[in-house]
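Alright, structures below, take your time with them.
The same chain A turns up in both complexes below, where it pairs with chain B and then with chain C.
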Partner chain A sequence: MIKVNSGLIDKIKIDENFNASACFNCGTCSALCPVGFDILPRKLFRYVLLGDEEKILESTDQIFSCLLCRMCEEQCPQEVNITENIRLIRSYLAKSKLGV
Partner chain B sequence: MSKVGAVLGILNDNFEKRKTVFSVSKESLTSWAKDLNIKKGTDTIIYTGHMYQLMPITKSATSIYENFEESSLMNFAPVGRFINKFVDLSSMSKYAAKPEKKEEERSNKCLQNIYQLLKYAGVEAGYLYEDELYVGTLLYDNGIDEPLINQAKILNKILKDNFVQNIITVDPHTTHMLRKVYKKILPEFDYNVKNYIEVLYEKKIKPQNKLNMTLAIHDSCVLARYEEVIDEPRTLLKNAGVDYVEPELSRKLTHCCGGPIESLFPKKAKEIASKRANDLLSCSNIVTTMCPICLLNLKESTPAKDNFLDLSEILAKAYL
Partner chain C sequence: MSDKIGVFVCYCGGNISDFVDVEKVKDTISGEEGVAFAKTNMFTCSDSAQTEMINAIKEKNLDGIVIASCSPKLHLKTFQNMAQRAGLNPYQYTQVNIREQCSWAHTHNKEAATEKAIDLVRAGIAKTRNSIPLNPLRVNTVNQALIIGGGISGLRCALALSEMGIFAHVVEKESKIGGNLNDIGIIFPDHKNGYELIEELEKDIKKRANINIYTNAKLIKKQGSVGNFECDIVSGNEKLTLNVGSIILTTGFKPYTPEPNELGYGHPNVITLVDFKKLLSNNSKKGELIFNGQRVREITYVYCVGSRESTKEDGNKYCSRYCCSAANYTSLLAFDIDPKLKQYHIYRDIRTYGKYEEYYEENLRRGALFFKYDEENPPDISSKGERIKILVKDRLIAKDDILIPCDLLVLVNGMVANENAELNNILKTPIGKDKFYNEIHPKLRPVETVIDGIFIAGTSQGPKNISESVTSSMAAASKTASLLIKGYVNIEPTIAHVIEEKCTGCKLCEHSCPYEAISFVNKTDKVIADINPAICKGCGGCVPDCPEDALEVLGYTHSQINSMIDSMLLEAKEC
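For the complex of A and B:
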């Protein structure tokens, strides 16, 4: 069962560049990722859009393992701002969940 | 509190309280400029952003951190954060992880090379000396952007007080932060920001010595993908007589050196660096980098450490 936080997306989407909803889940980004974590970024964006805060928290280490190298964005057919989206998710976690 | 939260908390506390993430003495930060008679301020300055100067202590501290990254000692990281609010732990790390003298000398030499190359190109750049600030890349990348607004305001005042209009940066991260990020978070932060590689390219400098060497190019992710500086270093190398080899993943498809996660996950960072270093060394036994973080991570991931050269080290041989 997923516990949904419907307000989560508003807390993360504090910048106009956040466009996770443009992702159509093709996985090109995951195939190119030098870190090699399959959660990044397509599954992660689904969790954010669904408001599955628990899954996002479980993925904290992976979210902060992203290199922000933008290799994924070079081939993204949907021009998703993947690294900026991840940076904004980090921002939410740092402020609201990690006590930074 | 998680390990990630504690480490980021320490970095954030240092930045808010001490204006940097890792304390290094003012003397170490500015010693590269000691005998160069560089003017303070002026309308065009070289801005180091402390990146080259931080690499020696980053190397020694990371090698220690790597050893207990996954140990139970990390459970005490939140305690470390509490203590760090009162005692600057990063300034004490120089005793636990003393930077190597040769690494400090090399970092200084790279900065001196860049300054001399700019001078050769006809650019008499000033310098802010101890007034220069770390720009906060590590915080911004990890989503901690609020303290940056204050840092941008402080830096903006320093630049205005010194009548600065043009900023020449020496590393890709500081270039991106000052050119794009600071302008976004503080609209009045309005300066002409260029990386030194762009300036040397625009000035069409001519080599004094033709180099007869072959090397592989490692593009920085930030310089190539964020800032689209790709052809400039190649032209400078080609004009210097360098025969450069493009690895399979190069230019806009360059492969990361792993450096951005070395503060949080040093083992993973080293795995990524090692893979990239081996790819590069399979193209040529000499490799050039354009970022001090790339240089440190790649060379430290392989026994062939001496085969990695900063671009400034090669350009200095040809143009100075």
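For the complex of A and C:
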């Protein structure tokens, strides 16, 4: 069970460009991802929006393995800034969780 | 009586002739009593065949015709018009259906199909032989209309009628006009408050001399028929009789009220969409949404409450159409008050159709979250003090269960029909399974009812948003105008008829008529039944109830029906 934590999104969304909420979960991005992690980026964004920090931390490796190739972003029907969003999530993790 | 009958048997380009021996049919029936001319056609409905038939009717002086072809649903009017052009009375024409009833139905047995076709054509000839010429009845119309229900549909309809020079009487049961719009809050798409729209209409109505509004009013009695109804209404303590040509029902809807404990309803922090909209329009504090003195930070919406209940017995099976758009629009209004709000939408399908899709997209952009549920797994609601907890299975990611805590739960409630039992008892308007009024044809005749002169519009017919309601009320206004402006209506003459010498006035027929067309009148020596031609539909329901055979339907008289049966049983008698 995931408990919605509405506070987390405000911490990650330090930048106006973070627009994961426009995602309507079509899955085009996951199908195109050359790395092939099933969490990227559709489920990851959903976890971020729901505020499930545990699930995000579990996926730290996958988040940092993203190539930022923009294949998904080019094809996104909702014009989600996918790579920018990933960067913001990385930055949140680096600062608050990984002590970088 | 026709004794120079022309019979035309159609090949239908093989549709009939592949399985029915069309030539044999023609040869067999050409010797029937009264037949003066018989012919086959490849396509009887073609222009050239129609011209040939008209020439034959004129040259041979025919006084009745029978065409054996397809279903009368397809070409009865075509051939009635053809008969009329040839100078015949259209009711001395009989169409026999040997396509749907013979060739298409009995492809496995050509001989039997041909025999059946011969019997049917023979019956058709008997019917024409005993036919009498009939003329359409003309009823003068009153240039006034009665509108029942003074909501947006009724008021807009009254204005449209007034513009066309038709006097409109609007009967409203409440003490003020406006209906549901009076306290619906701000409405899409023009961001006005509902009562402002009503005020605009009211201002316009006051300028006009040919609209009367009656409040605290209801219809108590209706007499008469299309073009000329006599309606008794009570308005407050006043009783008056209105003479109108048509009646338009714009009785509207009421918002669905959830059952106690349905999705937590009854808890002070669980409210309906309608109540939430009122809350929003009364919220005076900028930047904060206040409910019961507390600031609201998290709101959850549950959709399809009281709609699309496909598994619940006696549930509302329909979609209420307006609620997805309204809930998404309301969510945007809430964001306008406090952009930091967290809003969660738990939906079954998002149906923000047409232009209103923008509201959904805008909600996604502004950070509202959407969760899809199925009817089998509705969200589970629990509460702890003022906090509400909602457990829902998220179908978008790996079917995880999601727990949403929130301050306010909004149930997106649909529309249900107003019951109007008293009114329906007076007007006998047909009601569908969903308890809304039924139109004759959902696509082609969307605002007419089976009762001539009674129209339906707005949400009395089924869930609609405001623009759709107004569109249908405009349609009802123009249907009314096309009925009344001409000054008279023509009515099909195939209606019930009382054979005066036979009628004993026993009144057995009185309750057999679903349209209440039968009354009783004093004749010199006795009381007999009397049919109101404008109300009678010619259904024939009264005919078998009469012990004296004193009732018959014109165009289907006793002599016609008996002779048809006799001619179909000809072979049986011979055996």
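Following the convention adopted for this analysis, the second predicted complex is superposed on the first by the 98 of 100 C-alpha atoms of A that agree within 3 Å, B and C clash if a C-alpha of one lies under 4 Å from a C-alpha of the other, contacts with A are read in each partner's own complex, and residues count from 1 in each chain.
Keep this in mind: a residue touches a chain if its C-beta (ideal position, glycine included) is under 8 Å from a C-beta of that chain, and two chains touch if they have at least 3 such contacts.
Predicted model only: the values in this text are computed from it and were never measured.
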| item | value |
| --- | --- |
| Fit-or-clash call for chain B and chain C when the two complexes are aligned on chain A | fit |
| Chain B versus chain C as contact partner of A:60, first or second or both or neither | first |
| Superposed model, angle subtended at chain A by chain C and chain B (C-alpha, nearest 10 degrees) | 130 |
| First (chain B), second (chain C), both or neither touched by A:34 | first |
| Touched partner set for A:93, first chain B, second chain C, both or neither | first |
| Chain B versus chain C as contact partner of A:49, first or second or both or neither | second |
| More chain A residues in contact [chain B versus chain C] | B |
| After superposition on chain A, the shortest CA separation from chain B to chain C (Å) | 22 |
| Common ground on chain A, meaning residues reached by chain C in one complex and by chain B in the other | none |
| Residues of chain C that touch chain A when the two form their complex | 297-298, 342, 344, 361, 364-370, 391, 394, 396-398, 400-405 |
| Touching residues on chain B, where the partner in the complex is chain A | 1-2, 4-5, 8-9, 12, 140-145, 221, 225-226, 252-256, 258, 260-261, 264-265, 268, 272, 275-276 |
| Footprint of chain C on chain A - complex, ascending | 1-4, 6, 9, 19, 21-25, 42-43, 46-47, 49-50, 78 |
| In the complex with chain B, residue positions of chain A that touch it | 34-35, 60-61, 64-71, 73-74, 87-95, 97-100 |
